[in-house]
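We just call them A, B, C, D and E in the order they show up, numbering each chain from 1.
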C-alpha cells in the first residue's frame, strides 16, 4: 500500500492503459479530430484526381489558406476568451490600404509596414477597450467596428485599389524552392512562426492559461485573482497585431490593396476556428486545430476543382463535407467516452 | 467480493445493480460495484471523496450509462439511456451538482420538466402554465424545508448555496414515486435546515418510498439510515446496519482501516492501523 | 391603392420648399471603383448645378432589398429625382413605381431594368455590345488557334453580367455549351476570388489560351494566377471597364484588351436630366447608350480600337 | 413574527422598494434597454429632420424591418438554445424561389404557399436533426447548410429571378389605412401575430421553459428530465416555419424571387437578436427584445437618410450608434447592480 | 446593535468592517453588518442559509463591492474594487462556489493567477512555465489534504465534488499571507478529509495567520474556532466564545430563538421558544 492510500487517498485502478491513453490523447488534443478529417480529404482527392497530390498543388493550397489562416489565428484568441471578432478582415483591409497608399506616397517601406501593423493594433486596442470598459458583447462591438472600418476603408481608398510594387510589402509572396522542388513562400514561414509563437504562448505561459481561464469561466477567473480586463485587452491587441501581419500576407499574395477584399474573411476565419475544434463558448480549443481548420476549406475547394466539379456543385459538396468533417471528429470522440 | 453484514433481506430489492463498471479514460469510477435498495428503507451510501458514490448513483438514475453490469428495478432488468428513463420508473434524484437552470426562477426550477398547466381549455388547448399555482406550491414546499427564499421569481443563480440546495431537494422530494436518491442533500444546509431535510427523509420513508442518501455526515447517517452501503475504490465493500456498528467502525471501513473478513466480521487492515488513520477519522466523526 | 397615395403626397417636378433640387443616387455597392467614379462624378455635377445629392448603395452586389429600402427612404426624404443602378432588374420595380407614383423622376444608370420602360430613361453602356467587342478581339488575337476558354463571371443572375457573357460568346463565336469553353466561375468581380478561382482552374486546365473577365478586378486576379504559373504569355485575357488602373494594366501587358465604359457620362447625363426635370418638369426618355471603346496597344483587324495613351486620357477613377 | 420566520426562515428586509422594483424590472426585462435606445433614436431623428416623424415614414420603417425582423424571430429561438443559425436567410430565399417557380408553373397558390413553407420547415428539420443526432456545433452545421442552400437556390433559379404576380403570394404586401391615415400592411399584422404567439409560447408554456433551460445549462436540463434533443429539434422546426413565413413576407415586400437576395440576412438577424439583449451563450433573452433590435437598425438607416447623410457616412454613424445602443443598455443595468 | 460577548480584544483587528450594506434589487444581503478578525485567531462565522455569510465574506475579499460601510485592514481603511485588491493585502479566499476554471487541470487551477516560471532565461525571457514543478507541488499539497486525485492533469470538471473542494482549499491555504477565508470548506468532504482540513486550519493558525471559517458544522466549529461570529438577517447578532457557550446556545442564536440581551447575557425570544425551534435545531447539532 502506497503512502497516498495510507493517507486516505482514493486512487482508481488502471485498466486497459494502452487504449485509454490513446483515447485520452484524442480527448485532450482538440486538433486530432480535424486533422483526421484533413488527412481523409487529402487521401480522397489524391485517389480521385491525378493532379491534387502534386507538390505544386499542395503548395498552392497552403498559399491560398495563408491570409484566412492568419486571420483565423487572431480569431482563435478572441474566441478562446468567449468573444468573436467580426472586424478582423476589415482591420486587415484597412492596414493593406494604409500601407499601399503610404508606399505610393513614397514613405520608406519599413515605416509603411510598421504603420500598417500599427493601425491594426490600434483597432484591436479600441475594440478591446470598448469591450472591457463597458463589458459589451464582442459580437456587437466588432460588428460596429466592422461597419465603421469598411466605410472608412472605402472613404480612404476613394474608389480605387492600389497596386503594390514595393519589395518589402510584397516580400511575403516571394517564392523559394526547397530541394529544388517544393515551392514555398516567405509568407508560409511567417505564418508558421506566428502559429508556433502563439501555440507556445497559449500553452506554455501564464498569459495563455489566463486566456483560457477567462474564456472558460470569467467569474471564476476574476475570483482567482486574474486581471480579467487586462487579459482581454491584451488578447484584442495581440489579435490586432496578427491581423496586421495578415495584411502583410495579403499584399504578398495579391500585391494590390483593395477596399473590396476579404468581405467574407470574418466568417471564413470563424469557420476555420470552429472546424479546428475550438468552442464558440470560449475556454476550449487550440491554435493547432485552427491551422488544420484553415487548410480543410482550401483543400476541399482545390480538390473539388481538380475533380472537375462546377462551382455551384462544389459549394454543395463543400457544405456537406464541412459537416461531415466535424461529425467525424465528434464520432471519434464519442466512441471514446 | 463484497462483504455483506447485517440482517438478511427476504424481499425483492426495489432497485439493484450487479457488477457495474464505468471507465473514464484511465479512471475507473465504478469498478464492479453491486447495489441493493430494499422497499421502504433509508439506505445510506458512504465513502471517501472520489470513491465513486456519485458515479454509482448517476448510473442508477440514468445520468450515466455504465460500460458493464446490470441494473434491475423490482427485479426486472432495465437499461437507462438517460435520466428520463429512470424517471419514468419513478426514480427521482438530487444530484450533487444540483442540476438547476441558473437563469430560471425558483418555481420554474422546481417544476422543470413537469410543469403544471391551467385546468380547462386554457391548459389543454393553449398550453397555458399555471404559473401562480406553481409559485404557491413552490413556496409551500420550500417553507416546509425551512428554506427562506425571498421570492419564487428570483433566479436560482442569485440564491445562496443552501437555498439552491433546498430547491433541488424539494424537487426530488415532491416528485419521487418509487425511489428518491439524494447525493449529499444537506452539504450546504444549516443546522435547522438539515434537520428538516432529515425529517423529510423520514416522512418519505413513512410514505413507503425507499430513499438512497449519500452523505459524509456520520451523525446524520446514524440518525436516519436503516442500512449503510460502504463504498470504496469504486465498489461496495460493506453493507452494515447502524444498529450493529459504531461510527468508528464505519469510518474504518470507509478509509480502509477495517475490512469485512471472510467470516463476515470486521478485521483490521494492518498497514492502515499503524498510521493511526482510524484515530484521525474517528476523532471527528463523533 | 397606390393611385390614391400618389395624390396624398404627390409632387410633380419642382424643387423643394427651399428651392434646392434634391437628387438621390442608389448604386449597387459603394466599394466597386466604377460606382465610386460614378458617384463622384454625380456629386461634382450636382454641386455645379446647385443641387443636393444623397448617395446610397446596397450592401453587396445583388442586394435588392437594400436598394429598395434606399429608394423608399429617398422618396420619404423628398427628393425630386432618383438615379439608380439596379442590382436586380425586376426586384427593384416596385420601389421605382412607388417613387414615380409620387412624381419623382427615376433614371437607371449602368444597368437596365426589365422591362426597360419601368424607368423614365436609362443611361448605360450597351453591355451586350461591349461583351461582343471583347469577344471579337480575343478571337482575332488568337490568330487562328482553337480557343480554349475560361470565363470569369460576376454575380450569378446579374443583368450586366449576363449581357456581357452572352455578347462575349457571340463575339468569340462559341456556343454556351461548346466544349472549348473549359469552365465558368463566378468571381463577384473580386480580385481575390478571381485569383483563387483561376489558380484552381489552371490546375486542371493548364492549356488555356483565352480568358473572359467581366471586369478589371477579375482580370487582374486572372493575370496574377497565370503569371504565377508562368502561363501569362500563352493566354489572351480580355476585360471590360476602362478604369485608369485597367488601362495601365493593358499598357503593361497584364491583359490584352479592355472595353472602356463611361460612368462619368452616365452620371453627368443623369444629374443633368434630374436638374432639368426639377426646374422645368421635362423628362428624359428611352435608352441612351453612353458608348464603349476597345482599348489595346495591340490592335487587331476588324475591331476598332484606341491605344492606351488615348485610354489614359479618357479613363475614369 | 410570521410563520416563515418561526420555521427558521431567513427573510431579508425590504428597503427602498420603489427604486428597487424599477431596477428589478429593468434587470428582468431584457427588452427595456434596447427599447430606451430605440426611443432615443426616434426622438433624435424627429428633432433633427422634418420628415422622420411622419406616419408614412414610421410605417415604412416597419415595412423595411419585416423580413429581417421575421428571420430574427426564428433566430432568437435558435440562439436561446445556445445555437446560431447562419442558414436562415438562405432557407427563406429558397422558399421564395420555390413559391415563385411553382406559381409560374401554374400551381394553385395555396399549394404553392404551403410548399414554400414546407421546404423551410424541411430545412429546419434537417438542420435540427443533424445538430441533435451528432451533437454538432450549430455554427458549422448551419454554415454547411448555408453553402448548400445558396448553391441549390442558384442551380434551381438557373441564373434568373422570378417576378411574382400571384395575389396570395404577394398578399402580405397589401396596404390598408387605419383611421384613413396610418399605412399598414397585412405583413405587419402577420409579423406581430407571430411575435405574440412566440412570446406566449416562450413565456407561458412548458415548451418555452424547456427552450430556455436547454440553452441555459444543457446538462442540468438533461438531468432535470427535459427531452433535450426533442426540444432542440422542435426549435429548429419552429424556426424553419418562421423562415417560411419570412419568405412569404419577402414576396409581399418585393414580389420577385431572387437567388441573390438577403445574403446578409443571417448576420442582420443575429444583430437584431443581440441588439435586443439576447445572449449568444443561450438561455437569456426575449423575442420582444428582438422586435426592438430589428427596428433599431431600420430606424437608424431611415433617419440618417432623412438627415441627408451619404451611405458611407451612414455606415460610420450606424456602427457607432449600434455600439452606443448596447452601451446605454449595459450602463443602465450596471447602475442598478 | 450587535451584542458582543466573550473576551475583549486588546489588539487591533487584522480585518474588520463597520456597518456594511449590500443590496441586490429588493434583497438586502448585508444589512449593516460589523466584522472583526483578530490576529492569529480562527473565527467561525455561522448562520442560517441565506443569512448573508457568503455575501459578507465576498465583501471582505473584494469579490463584491458593498454599497455602504467601511472595511479596514490592520486598522487602515481600504477599498477593494475586485478580488485582486484583497489579494494584494494577502487575503486569500475559498469561495463557496469554489471559483475554479472547469476545463483546466488541477495543477493549473491551483496556481491560477500566480503561475510559477522556470528559473533562468527560460522563465525570465521566454516566460516558460514550470509545469512539472507546479504539478509536483500540487500533488504534494493535495496529498497533504488527503485528497486523492489521479492525475494533476485531469480537468477539474471531471473531479468528484470533494476533490474539487480540496483543490480550492489547497489553493487558499498555500497562498494566504495575511488572512485566509474559507466559505464552507468541508461541505463536500469526507470524514477523514474534513479532519485534515481542520488540521490544516490549525497549522495555518500556528503560522500566525488568522482564519475565517464559515461552516454549518457545529462540531467542527467548536473543535477549531477561537471565537464565533453569529450572523442573522444580514448582520452580526452575536460574537461568542465556544469555551463559554454550548452548541445549543449558538444554534439558538442562529435561528433567533435566543438573543444577546442588553446586559450581554443570552435571553430567550418568546415566540420562537414556543415553536420549539431550539429543540429541533439543538437535536441535530450534537
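Before moving on, here are some points about what is shown:
Note that in this section contacts are C-beta pairs under 8 Å (C-beta built on N, C-alpha and C of every residue); 3 or more make two chains touch, one makes a residue touch a chain.
Note that the coordinates shown come from a computational prediction; the quantities given were computed from them, not determined experimentally.
Separation of chain B from chain C in touch steps, taking the shortest path, is 2. Compared with chain D, the chain whose C-alpha mean position is the greatest distance off is E. Set against the Cα centre of chain A, the chain with the most distant centre is B.
Looking at A-C and B-D, the interface holding more C-beta pairs in contact is that of B-D. Chain B and chain D have centres, each the mean of its CA atoms, that are 43 Å apart. If you average the CA atoms of chain B and of chain E, the two centres end up 27 Å from each other. Rounded to whole angstrom units, the spacing between the C-alpha centres of chain C and chain E is 73.
Once the centre of each chain is set as its mean CA position, chain A and chain B turn out to be 46 Å apart. Contact of a single residue of chain C with at least two other chains is seen at positions 30, 60. Shared interface positions of chain E, i.e. residues touching 2 or more other chains, are given as 24, 26-27, 48-50, 97, 147-148, 150, 190, 192-193, 196, 255, 277, 280-281.
Each of residues 5, 7-8, 10-12, 154 in chain A touches at least two other chains. Taken together, the chain A residues at the contact with chain C in this complex read 49, 51, 54, 57, 60, 64, 154, 158-161, 163, 254-256, 258-263, 301-302, 305-306, 308, 310-311.
Across the complex, chain C meets chain A through its residues 30-33, 35-37, 39-40, 60, 183-186, 190-192, 195-197, 199-201, 203-204, 217, 220-221, 224, 245, 317. Of all residues in chain A, only 3-5, 7-12, 201, 204-207, 209-210, 212-213, 216-217, 219-227, 283-284 touch chain E in the complex they form. If you check the complex, the residues on chain D that touch chain A are 82, 84, 86, 130, 134-137, 139-141, 143-148, 150-152, 154-155, 267, 270-271, 274-275, 279-281, 312-313, 315-316, 318-320, 322-323, 326-327, 330-331, 334.
By the touch rule above, chain E contacts chain A in their complex via residues 63, 82-84, 87, 93, 95, 97-104, 108-109, 112-115, 117, 127-129, 131, 143, 146-148, 150, 190, 192-193, 196.
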